[in-house]
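Note that the chains are named A, B, C and D in the order they appear, and that numbering of residues resets to 1 at the start of each chain.
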Amino acid sequence: MAVIVDGDTRLVVQGLTGREGRFHGLRNRDYGTSVVAGVTPGKGGQDADGVPIFDTVAEAVEETGANTTMVFVPARFAADAIYEAVDAGIGTVICIAEGLAAHEMLRIYNYIRPRGITMLGPNCPGALSPGKANVGIIPAEIFREGAVGVVSRSGTLTYQIGHELTQRGLGNSTIVGIGGDPVVGSSFIDILERFEADDETELIVLVGEIGGDEEEKAAAYIAEHVTKPVIAYIAGFTAPPGKTMGHAGAIISGSSGTAQAKKEALEARGVQVGTTPTEVADLAASTAGART
Amino acid sequence: MDLYEYQGKELFRRFGIPVSEGRLATTPPEARAAAEEIGGPVVVKAQVLTGGRGKAGGVKLADDPGDAEQKAEGILGLDINGHVVRKLWIESASEIAKEYYLSITFDRGAKRVLFMLTTEGGVEIEEVAATKPEALARLHVDPLEGFQPYQARRLIYGAGIADPEEQKQIAKIVEQLYRCFVETDAMLCEINPLIVTPEGEVRALDSKFTVDDNALYKHPDVEEMRDPEAYPPEERAAREKGVTYVKLDGEVGILGNGAGLVMSTLDVIALVGGRPANFCDLGGGGDAQGVVDALEVITADSQVRSILFNIFAGITRCDVVAQGILEALSQIKIEQPIVVRFDGTNAEEGRQILADAAPPNLHVEPTMLDAARRAVELAA
Amino acid sequence: MAVIVDGDTRLVVQGLTGREGRFHGLRNRDYGTSVVAGVTPGKGGQDADGVPIFDTVAEAVEETGANTTMVFVPARFAADAIYEAVDAGIGTVICIAEGLAAHEMLRIYNYIRPRGITMLGPNCPGALSPGKANVGIIPAEIFREGAVGVVSRSGTLTYQIGHELTQRGLGNSTIVGIGGDPVVGSSFIDILERFEADDETELIVLVGEIGGDEEEKAAAYIAEHVTKPVIAYIAGFTAPPGKTMGHAGAIISGSSGTAQAKKEALEARGVQVGTTPTEVADLAASTAGART
Amino acid sequence: MDLYEYQGKELFRRFGIPVSEGRLATTPPEARAAAEEIGGPVVVKAQVLTGGRGKAGGVKLADDPGDAEQKAEGILGLDINGHVVRKLWIESASEIAKEYYLSITFDRGAKRVLFMLTTEGGVEIEEVAATKPEALARLHVDPLEGFQPYQARRLIYGAGIADPEEQKQIAKIVEQLYRCFVETDAMLCEINPLIVTPEGEVRALDSKFTVDDNALYKHPDVEEMRDPEAYPPEERAAREKGVTYVKLDGEVGILGNGAGLVMSTLDVIALVGGRPANFCDLGGGGDAQGVVDALEVITADSQVRSILFNIFAGITRCDVVAQGILEALSQIKIEQPIVVRFDGTNAEEGRQILADAAPPNLHVEPTMLDAARRAVELAA
């Protein structure tokens, strides 16, 4: 099965003719993802290394049966791009673009949620189901097929942990970056729910960071609904309070949202928390070993 | 971006939320002149982007212009939680019968806008939430629904505000605060205290206002309110170069791509016995010039004894970062040793570029942990 | 069973302290409906003939378990009242108030629809399930229990037809007025779907009028999804084109939306259409007779 | 409420949609003066709230002010589909290279806002929809989403508009038209034709604009645009009294509660061989004064030979209507016979009131059909 992206993914890339969009869109195709279309207004009729470009997502959907979009347009145009995709019938939106205005994203979230749309990002690295499909910027070459589902708020940190898993011989069902912006389309819980239901996933690694209370909520959800083992990592133990650490998400105000508080919440629900990416990979390896 | 009290109040005023008359002053004579123009007793208030100024002696009542000048003299230059007072807001003094609290924030968890109102104003809201939660009326608003009058009613009745004249004024303030919040792309608008005067007039006596950095491009008038001097000089320099940089107190300069990985690097440095000198995120697209700029910012900190590049490339490409490092070495005099760890997109190409150029004092390590240990060793 | 309102209905009346709200709210209670609360801002703590009044719907729901609201406030305050009810957890909204701004109602429709809220009106007479509950202004005394489900865009015309059914010995499962405003919360199709699923309903009477294309859509839906016999009536054969006939809904522009076109659309799908309320009742009586 | 072309264009102008310069004129000399002020050739356009004015000779080109005066002379007073021309819009004449069509309407069926754009402008859109449906780009907009730029792109690419300069201008017009539509609570804003000049400038050459009556209270500036003289005198009188009244061509005056029931009554009157004189709906709350007002409006029509009250009360109460009838009979001289049919809320009380007063020439019938037959008999 895998989650979010798989062999049934038919991808349209919004912004495929841009420098980054083209680089990563074509890399996704080279990996084996069905990249069926690109959309760039005014460039309809052209192609990007054989991938047809359309003026609108509606045309792309009609002509190619695209069901998933990767949004690679600048942040100021991303909200428009997302609405365009959703209104054209796209069911899965993966928004790589970062720095959308928070109010815009809040409206998008509340618009798409009751409509059953799946969204990752903004400010996410995408999703990779090794051997099936890669949508986004995750460097697929460092991952292999397997049974560990990874869900993360952070892009590069995910690669780090996935890389260490691979070094220990553990492969992945899907690696899901939910994104680091203050409002993102999917929460940890949304993805945990999918991993729990996914036949291929036997073990889940959750990569959190300071700020917000998503990790605390995930802890409560895991205790109630997740039967598969979960290993967690939290970044930001040394972050000073009140400072924004890059991600708009990663800010600690006062006492709530600290790495320590999140670690304790997870451990209280029986989730093992590693203190370094290396330790997380070790914990995952021993847990996986114990199960097989 | 945080606004000063007086800037937040200016926005309140534009949206029809009643505030007291006031003037900005940066010197004691300006404070005197402001007090003269306003007339009557005034309050001299330190303008700093931090809390606790009251306890720190940053807010004083002045009976007349001479007194205002004297009070200004005492407040200017105060250090409040590391923020030096350079601006004062001289405001007509208010008689206060009651102190309420009203705020609107961006609730990330609930994915909703959150209103809070309580008659227990004038203290920290966290304290009210902890000690008298029943006194705190909270209401989430779906942004697609937008403001509806019932929201104000639920808050007002929920907070137990019974006086019809107060209800009427606060209902209007709640509505205008929603508009203000949405139309300025704010993340937080807090009025604490929202006072009721002995005559029954409701007014915002303070403002705490945070605007979404990602939306500032839509609001040039708010963007203009940014006070570059409010930030430490290193962070200011970084911002000018478009580098995400936070100054910390250690010796190992850190530079990575992606906030999560950089935070994790900080943690690992601490775990292996070092102290991070900064948080510095090259961001997603990190080009060669970005690397040069970031190195310039990091090396400007004299505490830095070694520099750690921790790059796990996705959208970033290691070859581009390698070129940036070489370019920086050719442009800036960097005395500290540099430790580099590359993985991900074009990692081999990047390592090759560095191996080919083989600059002195540059160490390539295979893993994050190895690199962290090496950087800490080199800083010792 | 019955539809929309029944023995499980716990009604809050928004505007119960107004003249009309009180008259009809208390009539509904006298009929046997559980009228558990009224809401009038500023009158919390009072009561209307024993029905407690609250300042907000949220309080009413919390204190009384109300699950249905009847909106009896002036049109200018109705949108606010509807949002208040829905956000307080009310699942069924019956808006008697008429003349809401069309754009406001359009936003409400699109807000409540994906949230699974049931709404009748604005500008509707409500719903009556004889012997179970009456919510609205339908004069219940002229109806009796039975197997005919009536759905109508018009209030008084519904009474007329229901009255004639009663005179022929036919009772009703539920009489549903969907409302005459340009945008209403439920369409004919929504109610037909419920009648089709309702055990008590054996025969359906659909009362339409000129304007729009709801009757045409209903005809197509009936052909596809409704197994129970449907008798229809359309008002407005003599209406001149281009004139608004009272209901904002009842306007004919050009050729579409005429009574004749609707009649033909229904008949083409095998629905019998009566030319007068009397004929509709006769058709219903003979159909019901043929079935029993 | 329908607006005149010039009023719709005034609203377009306020929202930044380009229109030609023009002046209103109600006399030929005013038309001349307007043409002089504008300069160059002008178009003299009849302002009527109906279509087909072009074919009826209501739009003429004038080369100079004298010509404009002459053309105005010929157009003023024209009867176009029953609307007498009393106002002219004198507008700078446009050179037209292309005629497009753009509209935004309230799609009741889809519960969405509907945009339509086609390059086949200048003709009735129904014709385009019927004969060249592929040329008509349609797009539904969810009002909670609001305007998004992609909507303009879908329309423009869908309509096959390829010129980048036109695309840019039309994209902006589409956005402004959305704002105009929502912010004026319009039910329809139609631009036909939307022209492209030989220089490539896009402009609205006509306007059709309907505003939601129920929302006019929010827009006093639009409400003010109402021209009472545009409506037949009976309807005007009815509107002033708050009665929903439409004049028809028969002899049986009809008065009922609820639009559906009244329409049905009209149909039944026709079926039993009569001709309805009007549509008159007392509405939901029908009080005694409402009945008096309505009777006053109905009896002012000299064609009326009998009057039928068909009341099936729900929110209305029959006793109140009965009192209204008696009050009207005492206030107005009503010569026509009145037939009354009561059912529903307080029907017996109503019948009792009438029976007690027993006014002459008033007939109570038990059913709608009986009442209709009686009213037709009495009108014969």
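The rule we apply is simple: a residue touches a chain if its C-beta (ideal position, glycine included) is under 8 Å from a C-beta of that chain, and two chains touch if they have at least 3 such contacts.
As the structure is a prediction and not an experimental result, all values here were calculated from the model.
Undergrad: With contacts defined as at the top, give the pair, A-B or A-D, that has more of them.
TA: The greater number of contacts lies at A-B.
Undergrad: As a quick test, compute the distance in whole Å between the mean CA positions of chain A and chain B.
TA: So the centroids are 27 Å from each other.
Undergrad: For chain B and chain D, let me know how many angstrom lie between their CA-based centres, rounded off.
TA: Taking the average C-alpha coordinate of chain B and of chain D, the gap between them is 55 Å.
Undergrad: Could you grab the centroid distance between chain B and chain C? Build each centroid from C-alpha atoms only and quote it in angstrom.
TA: One centre to the other, that is 53 Å.
Undergrad: Where in chain C do residues touch at least two different other chains?
TA: Residues 111 of chain C touch two or more partner chains.
Undergrad: Using the touch rule from the top of the page, what residues of chain D touch 2 or more other chains?
TA: 142, 144
Undergrad: Hey, which chains are touching each other here?
TA: Chains touch in the following pairs: A-B, A-C, A-D, B-C, C-D.
Undergrad: Please give the residue numbers of chain A that touch chain C in the complex, ascending.
TA: Against chain C, chain A makes touches at 114-115.
Undergrad: Considering only the defined contacts, which chain D positions touch chain C in the complex?
TA: So the residues of chain D in touch with chain C come to 106, 108-109, 111-113, 126, 142-144, 182, 185, 187, 212-215, 217-218, 244, 246, 248, 256-264, 266-271, 276, 279, 281, 283-285, 311-316, 343-345, 367-369.
Undergrad: Considering only the defined contacts, which chain A positions touch chain B in the complex?
TA: 20, 24, 75-76, 96, 98-104, 106-107, 109-111, 113, 125, 136-139, 142, 152-160, 163, 180, 182-183, 207, 209-210, 212-214, 217, 233, 235-240, 243-250, 254, 259, 275-278
Undergrad: In their shared complex, at which residues does chain A touch chain D?
TA: Of all residues in chain A, those touching chain D are 41-42, 44, 55-59, 77, 79-81, 83-84, 87, 111.
Undergrad: Could you list, by residue number, the parts of chain B that touch chain C in their complex?
TA: 142, 144-145, 148-150, 153-154, 157-158, 164
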